[in-house]
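Per-chain numbering from 1; labels A, B, C, D, E and F assigned in written order.
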């Protein structure tokens, strides 16, 4: 069962933490908003009257939430944002955090809409867009373009091993947007029919590199070779402030049985990396809710985000 | 049921033609040798005594064979080779064709061995070789290197949609050569661990371009980006003399149900191209039975082959 | 008849608006300054005493000006700058706008001088500079270098169809700076004699792409191939804040008779695009009045400009 | 007045030499055929009976012809071909030269047809072909494709300063093939609508470099950047055997008044290079009457040609 | 004799100025800190009571220090930082400058530690790092990685003519970190064994270009060709604010006898450039104490630094 | 003591073999010619009358010579050339080998002259040529250009560790050709002043790759980046026929004390590779005595050479 945005207001920090842990609250955006709501509730639950004690209280809440998904960029960014305060006068500090929670929540809700609009502006009449895996934001931009009357069509990659391309295809068929499915190996061969590539983002590093579903860097390389623009759609809280301090984004490897049953191939090593890194020189622009930017100014976005 | 080399001697032209048609005789090398044997038999079956009549007879045999698989490069090259004679004195001409048939057959049988040896010479101790799809010649070179004591290991791509990478993996496991399986999208991500890429060839065009299993050009691009050499293994009769005259190699599209059952996705367009074209600038060398060459001298190989 | 800077002080908003409409006020810099003067006058003409009413009044003036040339980046940037105020106390707000108008005007006047100086610093003794079309700022930098004693020479492209290269040549001849004229097709052939390329800008997009006279991207490509630096000269109000929101810069096509009389070629399609887009990876630096920057920080310049 | 193929048979060597000198016989192909006819006549005019004397006679004829246009590659190649004999028995030698003259003449006449056909094979249904300047062979291939029912369209560059693009446009309009004219600076901007580029050749050097109308190398660079194939159409006698020995092809500069009247710009240096050199890495294939080759085997073509 | 950090507190401005002049105070970091201490002392020595007079006094101190090494970026940056104040109330201003001096000094001392830590985060277990010349910061990052248990090894270039690679090798041997020495010409040949390149910086220009020891740009080119990341370690005061205004960093040429005794080669020209410029496209990231950034945001770092 | 060409005629096979072994006969060209003379003598020494016996005799001589320097390409090529005969009639065979020996010797002697001439043709008036290490053939071409009046100048790299650049510099000074010495690290920095790069060759592989002095591939990369042509000078017997069969050219590592005394750096690993491999895409042309070719036709040269 998936928790929806409208259910969040009734939950406290502990309930939200559990929801994130057990994946009932999922998706980078929803997790971020849930965390900001949890922190707001946590402020209200505080019953002491000492500023230092309050600070410890807040750190405790933060720790509880972070531990649910320690590598989720949007989660830690949301908390960093709402706790970016001076602990001086108690009431004052409580009020500031509460209002930052509300602001973050609102900003996050409008971010997807803005990215869809800005991204759609970049799509020309009659264009063919290739997309890899299944990105809500990338599809949002394509949908927006379609809704304002642009005659677009989409090429979706299968995206082995989990074949999220099928989800993408179903979504587009439901919207009645023309869509063609290809295997991942056919990207370069098909590139000459493509006008632009749109993908989402798991994480953006401080030097502008994109961490996203395995194969994204290969699609990006093929696009670059053929002078086809690559557009990344990402809310600003996908930008990892950890990478500023050199922490490399860990590239998860998932269970090998996602690819093939290992028992069928005794002795075979199976590698199942889930993400890869696309260098910034293969990215034309990143569409964020703050506007359309070069990947190279990621550092500036991070600095603004954690202000 | 697959016809083997040793069965061919008992068959006449018509039987061989049918075997090629119904795919009991398959694989570029076997088809080529079968055609040369068929032609030898066809010469022997001729009962007339007129050189012009004999020429027509041979043209008839040629036509029968070509029609079984009109786009098979190795088939037409084999026949072109054995019929590359002057029709003057009847006995003389018959003898020349017969001996060309025998020579072709022998050359073909030794070609794979030579390619394995020459290719293995290029493999260094302890190297990791990436291969795409399932190429007998590429695996032959790897096996040869292993047999002479080089400690190689292999990374095999899955090769969607037909997953011929599984056949590659099984073959290598049987030989006890260490092998790792990855999905096609993980090639670029994995390239930094790769020393060389070895692939086979469906066809080589007169400008050195390689026609091979879909995804080969993408693997080649990733190798080129990372300064990893790409080695193509191909007998000289894979070089298409048709391309000299501008005929483009047709890139077959196969049934879409190989990818996914279309009924599950009403309205979805599915594209299933089986081959793609790798430009010569991404190919370091082609290993042929004549030696190791730059792809750019393909024209010379073709000219020599049809001498 | 062209209106000059010194005539502007005598004109009101409506007169200035008409001047822009009928092209008597032209050139990105002059238009921007005229708009700031118009807005200052417009503040002074307001006779009410209500802050909301005043805001409407200002919006009306803004609308009148913007409508004269809706796609002129410098015009909308000038107005955005002067109206970047809080509408609170009436007198206070009027005063703030007035002073922003004066500041903008001054900044604009000094911008060209600064760009000439900073650009000239980049030019070495004895260098050969190639320039395309006719850019006041690019020529300003060359002139500055010449005036401080650097022995430069210039290669000017013809710049078909309007041949603005002739204007460039005449200007340089008047300054007695050695200049060579070539046709647009000879740029790559001539590049080995060139030390640097200097061009102007129509618009800079938020990802650092340059919109400029048709052919600029081709010159940039030839420079990049030969490791020759490309320097763009542009005031900060050439940076388009619209592009932050994904709005693509429209690339105007002008009358085909500029190329050839269509009547001479019945049936011929003639295309006359006036601008093209140069990707940021072909631009070494942009010289602005704020300093010399990488094109990739365009987003930061825009953010600062509209502060 | 232009001499046509059918007039040549009535002319002797001296008349043909004069025709070449005064440009009545022009175009690389016609000059080559005229030279072979002249040599045949010259053999017939010989009245002596000494083989050494005959050799001197032939050298004299050769010298007369070469001097008419010392840098014309097709002229010297034609003569080199027909005189590639052993001077032993007189009658035998005369016969050999005569027959080489006839063969050369025939080969040349069929070369253009073959190139048109081979080139047309490379053009796909519905493709847009960009061409630069005015090449009979490139247009021949396009026409052939059109005639066999392929729905092609053409983009022609203006080709300053002489605007040969207008001749190209007129020719295509006459054939009713859709054609669009652009200025030379618009090539990169237009490249995304182009499927292939077809150009002719003035000379091909022994390393595969192409000497052709100024701007060709720039078009080639733009095509390469966008992964658009560049196809060169050239008879084998355009391949310069002189370049084998290091002789650089001289790149002619023509009268500056072709660009603009120098009197209008006192002090202006005007440069009017007529040819530029395209490196072989920007050329996909060269279409010759011998077949379609990589530019890198130019050396082999030259060796075969002068056999 | 080299002055150490702990000696600085006992020195006044004039003594520090002399120490910088005679090279007893050397190294970019130490010079910067010495300058901030000198300015703090200089404030304390002021005995007047007039704010304008005080401003002149400070300018005098600044001039004395700058003149010791007019091209040292870290020196002018340190002074620019501490004097970035409003001269209003005298006591207030003195206090502000004093505290900026202390802050700068502290920031500088911690910068090297932070850079070591952030840089070490980028180094993976078992990696081979190539380094050129002798950079304290680059070695600091390698040492940090080693100390936290990462099994790194280093390839050091000789770095002709002064062979600072020997100093690098000795330092690493002392730390017991495995190190291999190669000549400068062997960099490309060795690159396939390298995981990352770490170098220091003399100066960073406003467009992200790196000025560093001769050969750095060549190492960077070889790394880029092989997709090996290049990491630059640089404190923020290595970023040159002068380059914002177009001032090119002067690339010093040192005495030719550093290469070979000119007397041995009468007539020989010997060139000994000490620095070269690496374009930002060959730099993956710059590690600063502010975090890890793309070279393209150098402009932003400079703007922040001089705030 | 070095044996000279004129001394060779007095020596028999065994003496020549010893001369090669003890390095008194050295240099690729001299070794090749010595081998052909040795084989001629060896034929003359044969006293039997049986063709099979004679064949064994010749194999024995071949073996003796090859063993002196088993990896010397010119040695094995010379022997392969002279023994490329049918062993049928004894006297006939002896005569054929003898005459092949004489021909080879003559061809070799004229090869250097031809390469100098062809190479010089490629050098333009006033050009600056960069050369690496010390190549007799490359210097020969420069000298030829100088002697026919071209005003060339040379930049010579030091070529660590053996500093053969000093030999190059001395040779050029002796010829009074202007020469500048730089360290190996300064190549990229200096490249903008270079018109062409000329180098020699140790070996050319069948795919056109160049094996030459360590650093050559780095120089080639820098030249390629800046669009500066790289010219390789090599006699056809530098082309390795072994590489046709996949044998990789072994890249020798020499004594580490050539770089630095290992005792000074206990624990330091020192690597001293002497050669590196330059891929053919960085080579513009190879100047051979057969003419100027693309590296990609190396295979053809090898095939012709061993005819």
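The definition used in the following text is that a contact is a pair of C-beta atoms (placed from the backbone, for glycine too) under 8 Å apart; a residue touches a chain by one contact, two chains touch by 3 or more.
Here the structure is a predicted model, which means the values were calculated and not measured.
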| item | value |
| --- | --- |
| Each chain counted as touching subunit B and subunit E at once | A, F |
| Averaged-CA centre spacing for the pair subunit F and subunit A, given as whole angstrom | 59 |
| Centre-to-centre distance between subunit E and subunit C (centres being mean Cα positions), rounded to whole Å | 37 |
| Whole-Å separation of chain centres (CA-atom averages), subunit A against subunit D | 58 |
| Where subunit B touches two or more other chains, by residue | 225, 281, 294, 296-297, 300 |
| Each pair of chains that touches, named by its two labels | A-B, A-C, A-D, A-E, B-D, B-E, B-F, C-D, C-E, C-F, D-F, E-F |
| Partner subunit B, residues of subunit F touching it in the complex | 206-208, 243-248, 279-281, 294-300 |
| Residue numbers on subunit B that touch subunit A, as the complex places them | 157-161, 166, 169-170, 173, 178-190, 214-215, 217-218, 221-222, 225, 251, 259-260, 265-273, 276-277 |
| Parts of subunit B lying in touch with subunit F, wherever the complex brings them together | 117-122, 124, 281, 284-285, 287, 290-294, 296-297, 300 |
| Complex interface listing, subunit B residues touching subunit E | 192, 225-227 |
